[in-house]
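Before anything else, here is the set of structures, which you'll find just below.
Across the two complexes that follow, chain A remains constant while its partner is chain B and subsequently chain C.
Up next is the complex of A and B:
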């Protein structure tokens, strides 16, 4: 009886220790966000002074929404957020469709040379974007476009130049291929026996049971697109097409406006949090089932 | 009849407006409302002052402006008028991004030397303002510690400056006697610290040929500078490369540092804190005269511009005294001419920042006007950080020389 009590007490202590550790790790991750939000309400001098103490994480001192007002006065934040959300949403939507089709092809269909093609696509993962940025710039500068103004040459300073080159991406193709490969072959064979076309199998059989991989690919692509900096810096020459990360540079003047930067970062973090929270359950499910992490 | 007249008038206005050729202009000041408002005022005045040209402004954030220009140059999309940071101008001119200015004779006669961008014997750019660095200090602190207040005519010598730092550190009142600004990485290092090297008698490159850094950056004088620089940190007289950015911003105002090497853009905040007690002192004379860096942002004409006469007309219009003064009023920077300074409250005789005009006029030396500067600036920054962190001075300077020389050789001497 006594041994049982000791075992129970040890078990409870273990639980407490585990939770304490998890809470500590959680705090480490949450502190930067708390610092960002709290600092966004402080004037610059106080913000900088507070960084050397725990006050940095507390909404104390001279608290106001002045930084938010001034941030909106300094930069067209609404336009930047719209641009980023639009570019990201279209890229993610088209990306999920095309990359999942590619993954379906690699995982389910049989065609000559697919192993080599897949290997080449995956190999592109090791090429940093910086190395292809300039050739890509020269290419898009000569591509034709048909829009409201009729035929034009060159895609610079537009939405399409920030979307189309990034729709297809190797990581998404890899994720979809792996996920579809792991599905039971019997499902597809049964559908074939029932007379379903490949398109029907993709659309009616695989897509409905592939929520986790779609969520994972969507979140990873969302973050990559929303955080785009170098490419829009090179191609978005007018304010009309600039996204949020380029907009952040508006706040780095000779005297850096730290409070406004924190306010701006808080504002532009909101769409990311909304998107992540919306897909959180499917994302975690995907990690749990496939071991693929973001 | 009235309707007909109205229609004719509208048609006339439309025709005149249509006859104006559009000039595109890129500027680095996005997010800076004061600069934008002033520039827009100048553009509006220019557009209304004649009927040939109309300026179309596009603003970029300063932090990423250079990358945008390079990308536009690669894709053949440069605007007619660009602005360029003074030390970067020779690189852009050499790269074929810019063409020489064609202004009226004498248009730049009264300009501060740092506000005129010259490369290869031709003027490529001109600034409406310049910036200057001074030693921020407090009269009460210097007097309490028995330290002489230096003047432009009689700046501190190396021995005096060193003794002042030792005295201030020994007073125990300050965390550090001197804040050179190690937390501000990037262009700050060559802009703020290469004048120390030059005052010792060294330089980032041999300016007689611009083909080698040998002897200039690793000679006897440079070695003396490097040893002194390292000793600042070894003796704990200055915060090192791990300095907190927040301390750099507020350390002098908070009383953590006795002296601070800082620019005129920080002067008004310091004046708010210390008022009449604040001093803007000249650079110490380490043996070769007191020196500060020069050249800020300037206007130029893109090489690809199809309307250089319009671009030059705008630049000549913009450098009138009233606009130099307006920019200075809006930004706090130094007007590029004495006559413009005289009509600003800050820089006119008796103004709180008057001293900066003289500091700029008397001590300024532009960073090496060579296309290779952009590379040597990075090499210099790394070398100074390494020396501050305890690296062997001679080895570090030799390695920096090798790197700079290799770059010059790889680029066939950058046209020299």
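Up next is the complex of A and C:
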């Protein structure tokens, strides 16, 4: 009886210790984010003073939304956010369509050369984007464009230069191909016998049952596009086309106001965090499936 | 005669229609895959091949002069290294000359590396590192000391980050894989930095690493009851790279925790039950059930982190811009500096090609290692 009690107490202590570890580690991950949000409501002087104590993580003292107002006055934040959302939405949308179409073709249809083309696409997965950024810069600088102003040469400083190169991506094609290949062949054969065209099979049969892989591809592309930094830094020189990450530079011109920077960081991060918290299962699963690609 | 013809048409009819169907399928297949293939070709494969070509020229982004083929000159400029032994200055009797502090004096290095007709192979080289060997000084000279610094830093970054991040990620995965109520909340929190842009993370951590009242200095001084002397983490060459490493691990560890987790979940529960019946304790289960089941995941994770770490760029750009004293230079940062900021497309491409060759070498190692494990 007594022995059982001791074991019970040890067990309880073990549970507490486990939770304590989990919470302690959790604080390491959460504190910088709390610091960002809390600081965005503080005037500069207090913000810098508070970093020397726990007050850095508490919304105390002179709390206001002044930083937000001033940040909006200083930089065309609305413009930056619109650019980011537009660039991300268009590349995710077109990417889902074209990459899933290609995945369907690779997984379901038979055509000569298919195996080799797919092998080459998968092989490109090991090319880091950073290694092609410089030559890509040269290429887009010479590409023609036919837009509202007529025929122009060079894509620098535009939306298309931030969208078109990223629509197709090897990882998405690979994920779609895998997913479609694992679907039961009978579904497709039945539709063929009913006289459906390939396009109809893709659109009416496969797309409706492929929610998970579309979600995975969308989330991975959303994160990659929204958080892009190197490429827009090189190609979006004028503020008209700048996305949010490059817009940050604005806050380092003239006098640096830390409160405004914190407000800006909060504005561009919190929507993503909310999106993540709402769909966290899907986010975590898509990362897991992207990692298993090797 | 009439009969034979009808027969022939009849027997060949299904054949042609089958062939037709096949052609149609091939056509549809090409049509559907074509947009993605063309885009990948134009914006991935062509620039990739271009990188090799451009690295053999003197191409600039905008230049009045025509582009010329220069062979391997860009690579030679990047990779030319030589050892050189400096002998001490000697007086008339052959004894080394000592300076006021009693140190051995050496001739100035620039006497050899600046247009010295006796040492043409050293022309234009700069000191990268030097060691004292007996009375002589052994100097490692590099034509591009900054690039070498970048190469070395990136390799250090990878070698430190890969095991550290993989290890912490496994630890976190084991923690959140426990059967505890609410454990998913912690999984969600640990993963959170992964969805935040590295730009934002780098900005935030500048506050943490600040030399005066930074959060880290305040924390360390509070924990040590004021005994800790504040460190300018990003401002001193000894700590800058380490600080970037710690932050990168913080940002990326959740990503690999998730991959470990999916590996953990492939281990059948019956194995643990069997181990329990056989009387195994927690550590033994970890050692003999969990770890063998994770081997493939381990290889995968190490490779993924290695590949990701080689593209170290954003942290450097936002936090240190390569400084202080080049202590945080990185390969990609150098490629961008030259290819974009100095508009030297050829030089930047050469660095990119070198980076790709390193990454390729590692992924060949990967397929070799995974084959062995099976």
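Definition applied: the second predicted complex is superposed on the first by the 224 of 294 C-alpha atoms of A that agree within 3 Å, B and C clash if a C-alpha of one lies under 4 Å from a C-alpha of the other, contacts with A are read in each partner's own complex, and residues count from 1 in each chain.
Assume contacts are C-beta pairs under 8 Å (C-beta built on N, C-alpha and C of every residue); 3 or more make two chains touch, one makes a residue touch a chain.
Just so it is clear, the model here is predicted, and its values are computed rather than measured.
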item	value
Which of chain B and chain C A:20 touches, first, second, both or neither	neither
Which superposed partner A:30 touches (first chain B, second chain C, both, neither)	second
Contacts of A:99 with chain B and chain C, given as first, second, both or neither	second
First, second, both or neither for A:112, with chain B first and chain C second	second
Which superposed partner A:209 touches (first chain B, second chain C, both, neither)	neither
Superposition-derived comparison: chain B or chain C, residues of chain A touched	C
Touching partner for A:138 - first (chain B), second (chain C), both, neither	both
Chain B versus chain C as contact partner of A:52, first or second or both or neither	both
Touching partner for A:273 - first (chain B), second (chain C), both, neither	second
Chain B versus chain C as contact partner of A:234, first or second or both or neither	both
Chain A residues contacted in one complex by chain B, in the other by chain C	48-49, 51-52, 134, 137-138, 141, 230, 233-234
Of all residues in chain A, those that touch chain B in their complex	44-45, 48-49, 51-52, 73-75, 134, 137-138, 141, 154, 156, 230, 233-235, 237-239, 246-247, 249-256
Parts of chain B lying in touch with chain A, wherever the complex brings them together	30-33, 58-59, 61-64, 67-68, 71-72, 74-77, 244-246, 249-250, 253-254, 263, 265-266, 269
Of chain A, residues touching chain C in the complex	15, 18-19, 21-23, 25-26, 28-30, 32-33, 35-36, 39, 48-49, 51-53, 56, 98-99, 101-102, 104-106, 109-112, 114, 117, 120-121, 124, 126-139, 141, 164-170, 173, 197-199, 202, 223, 226-227, 229-230, 233-234, 245, 248, 258, 261, 265, 268-269, 272-273, 276-277, 280, 283-284, 287-288, 291-292, 294
Chain A-facing residues of chain C, complex	22, 25-30, 32-33, 35-37, 39-40, 42-48, 50-51, 54, 59, 61, 172, 175-176, 178, 180, 183, 186-201, 203-205, 207-208, 210, 213-215, 218, 250, 254-256, 258-259, 261-262, 300-301, 303-304, 307, 310-311, 313-314, 317, 332, 335-336, 339-340, 345, 348-349, 352-353, 355-356, 359-360, 363, 366
